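Each chain carries a letter (A, B, C and D) given by its place in the written order, and its residues are counted from 1.
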Amino acid sequence: MSQSTKLPLYITLATFVLAFVLCAAQYPAMASTRVVANLLTDNAFLGITAVGMTFVILSGGIDLSVGSVIAFTGVFLAVILRETSIHPLVAFALVLLITTGFGAAMGGIIHYLEMPPFIVTLAGMFLMRGLAYVLSTESVPITHEFYDWLQSLYWKAPGGGRFRLTGALMLLTYVAAMIVLHRTRFGQNVYAIGGSAQTAQLMGVPRARTTIGIYAVSGGLAGLAGIVYTLYTSAGYSLATVGVELDAIAAVVIGGTLLTGGSGFVAGTFFGILIMGLIQTYIVFDGTLSSWWTKIVIGGLLFAFIMLQKGLGWATTARIRLLTASDARS
Amino acid sequence: EGETVGFSQIGSESGWRAAETTVTKQQAEERGITLKFADAQQKQENQIKAIRGFVAQGVDAILLAPVVATGWEEVLEEAKDADIPVILLDRNIDAPEDLYMTAVTSDQVHEGMVAGNWLVEAVGDAECPVVELQGTTGSSPAISRKKGFEEAIAAADNISITRSQTGDFTRAQGKVVMESFLKSEGGENICALYAHNDDMAVGAIQAIKEAGLKPGEDIKIVSIDSVPDIHLAMKAGEANATVELTPNMAGPAFDVLEAYWADGTMPPKWIQTESKLYTSDDDNAAIYESKKDLGY
Amino acid sequence: MMKSTLKRVMPQIIILALVLAANVLVFPGFFNIEFQHGRLFGNLIDVLNRGAPTALLATGMTLVIATRGIDLSVGAVMAIAGAVAASAVVGGAHWTLAVLMALAAGAACGLWNGLLVAIFRIQPIVATLVLMVAGRGIAQLLTEGAILTFNDPGLIRLGAGTIAAVPTPIWIWIAVACAVGLVIRRSALGLLIEAVGINQTSSRLAGINARVLLIAVYLVSGLCAALAGVIVAADIKGADANNAGLWMELDAILAVVIGGNSLLGGRFSITASLLGALIIQGVNSLILLSGMPVEFNLVIKALIIIAILVIQSPRVRHSLYLLRASTGPVLRERPKPAPRTPQEEGQS
Amino acid sequence: MAMPEPVLHARGISKFFPGAIALDDVELALYPGEVHALLGENGAGKSTLIKCLTGAYTRDGGTIALSGVEIDPRDPLDSQALGIGTVYQEVNLLPNLTVAENLFLGRQPMRWGMVDHRRMKREAREVLRDYGLDIDPGRLLDSYSIAIQQIVAIARAVELSGKVLILDEPTASLDHDEVKLLFSVIERLKGRGLAIVFITHFLDQVFAISDRATILRNGRVVGTRRLADVSQTEIVTLMLGRQLEAATHHRAHSEPGELLLSLKGFGKGGSIEPFDMEIREGEVVGLAGLLGSGRSETANVVFGVVAADQGTAELRGRGLRITNPREAIRNRFALCPEDRKTDGIVGDLSVRENIILSLQARQGWHRPIPRAKAEEIAQHYVKALDIRLASLDMPIRLLSGGNQQKALLARWLATEPELLILDEPTRGIDVGAHAEIIALIEDLREKGMALIVASSEMEELVAYSSRIVVLRDRRQVGELSGAEISTKAIVEAIAAEDAA
């Protein structure tokens, strides 16, 4: 990819670094390993979800079901570990199978019935949340030594920060996603479909397979995020992660991916997640905002980021146009 | 002496919670405590983030109003490692007791029972079909208040729940669902309404009035929370009873903290707030006046 | 003209009929309407009455979606408008003034969205996400987090009152929908909006003022949302900034889609969206009347919606069409619809 | 030449659309090493036939045999795998991918199971060099002109075609040099034994490169001819089903009328250098130049698509500022843009609505054109321009390319402009219609309309222009008028600057 397409990525990165420095200047404690470790651990499940969302948005779609899928995964795991004696790893495999299959089914409906993703995944969102309720309305604790063992895997950095397994898992997911998106045919097909599904089809991109694959990835990663969420809270709760889909979409967009599809980077999403985490950490450190000001500030920061990106985008395209113009003249 | 306390609040989903936030801030101010307030917008993950943020900042204590009972071990362990006492407000959690200093809560099952007992007493032997407005599906008050109420009326054969739907703890849904109850059961076949919170009851009262019935007489109304507007309704004879859930959970919590800071006194593990029953016999006008400025 | 509209909305009418029939199945008295205490009273009236906010939102949302946009902020705008109206009457203003102020607030919100979309060219879903997040905070700022109760009979009448024995919200949504529909179809606005939704560049080059048009549709959406917000607040005699209109944007979008309108913009039918809103309300009523345990609410709703959407999907409709055609005069086309040709697609 | 077995043999191909029979029992046989031209009027069914062959459309009847084996490609992927490479009408590549990625989509070079980007770029550069393009394949396709995109599309199709290469109007947006280059590539492929289908409306090109031609009319094959055996007139007669009137000659121009528009130092930084231009009523100003010379930019800046940032304009002596198309239209300007797909048609609207769109936009939203009136206007132009369609209510995207172009012309004529700017008005238009449009331009001029026409076809410009402005590198470099006008003079004007 050329420099100019990577620009939004660099802009996002620069924004994050700048914002972090500003925050740390105001609250020196924010530069501690604790805060850094927290950024990773606390956002692990959201980060993983956002990877799947990046695939979907790159292809020009959207997946509103992820929050519900996470909740369903949690409840499913909690209930199955309570009711049966199967090993959590088996349960993980089972739940990943279900969520991936669920994603694939939505992809199939979107492709074969030619229905808009927004609506199909909205119905999926109702369905998964509903299924979670049916499994259990109460929050179900998970107690299993394997869970305890997984949770005990962390590296305590000097300064008290705990780098946990889930954070590492998130990083791993990003690396894997980068490889898939930029180094495999499937990844290229995702971008192609995002550019224009019809043209991609005329160019020989297997549209059905790719669409189904994309939503399967999103469903599967939401399942993985669900597993991470159970590790995070040791419980399954049907009311958990309401509205997470919007957080994930916001992170993807802040990361510089176009909602119209075809342009963006999963690495951008990573910084999008970190920026959102930073916003929240900052609000906690500040600690004086009322409930409503919290919302307004989050909305305002979202707006500020989008405008900043827009502005930088305009500035650079104007420059590029000037450059090409002089090219043509020379 | 300038202690800093972090307060992780669930959100501001109801008037009661807004009042709790207001009271907590007032209490902190009165005692010269710096309060760091974090609104979690209904999300557990945000609460966990907030707690981790408080730990990273090195606050002197943390107040936590947990959105759900499970999933706190890990983060509370981190607080414990950092020697920061944690006090739970208004709900208890499923976690080893050594992870928090104490819990200042009401007993939500008990609240449901108080409401149920009142109804049992109020109807006596008369046949009484009850409709129930549940809280948000899956939320812990909805589950506990349902359970407590059912236990209280279990013994009374004449009282039974005929319809039960969720009203999401909101006035609007309370009204909508009550409208539907009135039609599907017939207003004359409903003897009482039990609502998991006052807001839904207030909505339902309006639905009953619009259907041409007299709330409080034709249909008895009992609910929980004791927000100002329900006292207004009780004063007008449109509601019959409410069980108080005090928004002042922070007061006892700060008392505990101050004692602990002073000489290391450890409190008991559970400080139960009173679940007081108010009926139309009380001076509802006065109660309304006393509550109306608390930010409900 | 009339006939073609009827043909366009036929699927929605059939689905609505099916949903209402299902209601009768679980509650035989569903169609009973009585005259009680000066107002019509019955489940059918409830569907029309309770469908009012969704119907109002869907009216504005249809226009926004026709331009290839989306408005996620309507729920938050409802909360703002309710809060504005409530604080105005509580502050002593006449209720008409309060309503006007609420509408002004809605218009301001719409204008904001419109500016972001039309002038700053931010993708509609993100542009309106900003107000969706912040708007509820603004509403809470106005009510300070509490439910702001009021007792102004004029204002309450808008939500809980009746006119000629029929609940006021029904009059309001029908009037607004008719007004918007008439203005759109009696003027060239419909055509221009569709053109902008299908191909904005071409439209601009053809001399259409796409920017003003875009701003206008978001404005209308804001106004509709404000009206819905006032109704919801008036209905419960209080502005509940936390819960008013929560997740309503999804219902509104769903109504538009059930109405057979494409999220990719272009051709639209407000009538069909309104039927979509009634279908959703019919499903809600079905859930309430069925008396099933609450934990099944969402599953039932999801399954019904999926069924409706599948029936409506272009693919299935095409098959049904062929099925019908195969009994009539032979239509020589294969079951598989031709993929869109390269020329066919607009810009993406 | 003893005919070997055909590589591709399609028989009895039929395709029906609601209200139209696009193809009826069409037979097409392609032999190895031949260039087979597919000819026909706009809407004759050429593109539809291609799509049926490659599986982009499901055909309603007929069989296709590839090297004697019956095949049934279900989608373009299928046919690609079978060795049939295709360039569809209008560029169909992905603007959001790089040139290299476009070239190699679906068959990226792999290394250890992963896409080898470096090799891909290197190979892309090599492939494109064969087509005379020395561009950075790592840049987004979007950053290059339509012409370059077209060449990339051709290169891609060529790389993909093992047996058959299909080119649907590949030269519509190419310049002479690029066409020449394309032909040398075609010759090379021919040598390799590929069968090539070539669709175009330029008959000279047909005769220059093709061996045989199949002519379609109204979805039926009206004949297959060996080009060595026929004359151009015969082909045209077959296509049109009638004789084409003698080509229009440079008609004597009547005296131009009053001065309409005068531009001084008009320009836009980064787009077009400042220029002066005057145009009178009853005058056609031609814009000539090579690809990227700034013809379209000139047209766009006059119409306010991009607002000029310098210079002044006067309309009938009164000062005027045009910052957007709406103002231009209000001043009775009209611009028929170059890229009809993205800038012209509103695909899902009916032909009728597309035709009245600008008129309606000018009248304002509150004064809708009554249905009957719209019908009448549309009907009028459909007849006048001979637009082929099943019904006025059909979405314009379903029209064939050339007919879309005519419908767009109708849109602008309906606004009765005083200044009509046409950017490549004859692109993709068949010979019959071509002559009609030239006649139309002359007619309009006679009626006193002022026209600015940008075109790559110099003969055409010579035919109708009163004056010709020559552009190069986004700059006006010369002006020819009256007797000076000739193809040679234009070429010289361009070349003279080249030498300088």
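Following the convention adopted for this analysis, contacts are C-beta pairs under 8 Å (C-beta built on N, C-alpha and C of every residue); 3 or more make two chains touch, one makes a residue touch a chain.
Computed from a predicted structure; not experimentally measured.
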**Q.** Farthest-lying chain, centroid of Cα atoms versus that of subunit D
**A.** B
Q.
Tell me which has more C-beta contacts between its two chains, A-C or A-D.
A. A-C
Q) Hey, how far is the Cα centre of subunit B from the one of subunit D, in Å? A) 71
Q: Would you kindly tell me how far, in whole Å, the mean C-alpha position of subunit C lies from that of subunit A?
A: 30
(Q) Could you work out how far the Cα centre of subunit C sits from that of subunit D, in whole Å? (A) 43
Q: Spell out, as numbers or ranges, the residues of subunit A touching 2 or more other chains.
A: 133, 137, 195-196, 199, 201-202, 262, 290-292, 294-295
Q. What residues in subunit D touch two or more of the other chains?
A. 56, 75, 88, 92
Q) Going by the touch rule set out above, which residues of subunit B reach two or more other chains? A) 11-12, 18, 21, 137
Q | Topology of the chain contact graph, where touching chains are joined (line, ring, star, complete, other) | A | other
Q: Would you pull the subunit C residues touching subunit D in the complex into a rising list?
A: 186-189, 191-192, 194-195, 198-199, 201-209, 266-267, 331-334, 336, 338-339, 341-347
Q.
If we count contacts the way the header does, which residues on subunit D are in touch with subunit C in the complex?
A. 16-18, 47, 51, 56-58, 60, 75, 88-90, 92, 305, 324-326, 328-329, 335, 337, 341-349, 353, 357-358, 360-369, 397-398, 401, 404, 411
Q | Contacting residues of subunit C [partner subunit A, same complex] | A | 70, 120-123, 125-127, 129-141, 144-145, 241, 250, 253-254, 257, 262-264, 294-303, 305-306, 309-310, 313-316, 339-340, 342, 344-345, 348
Q: Report the residues of subunit B in contact with subunit C in the complex, numbered from low to high.
A: 11-15, 18-19, 21, 134, 137, 163-166, 168-173, 175-177, 179-180, 183-184, 199, 202-203, 206, 210-212, 229, 295-296
Q: Sort out for me which residues of subunit A touch subunit C in the complex.
A: 60, 62, 109, 112-116, 118-120, 122-124, 126-127, 129-131, 133-134, 137, 195-199, 201-202, 246, 249-250, 253, 258-262, 290-300, 302-303, 306-307, 310
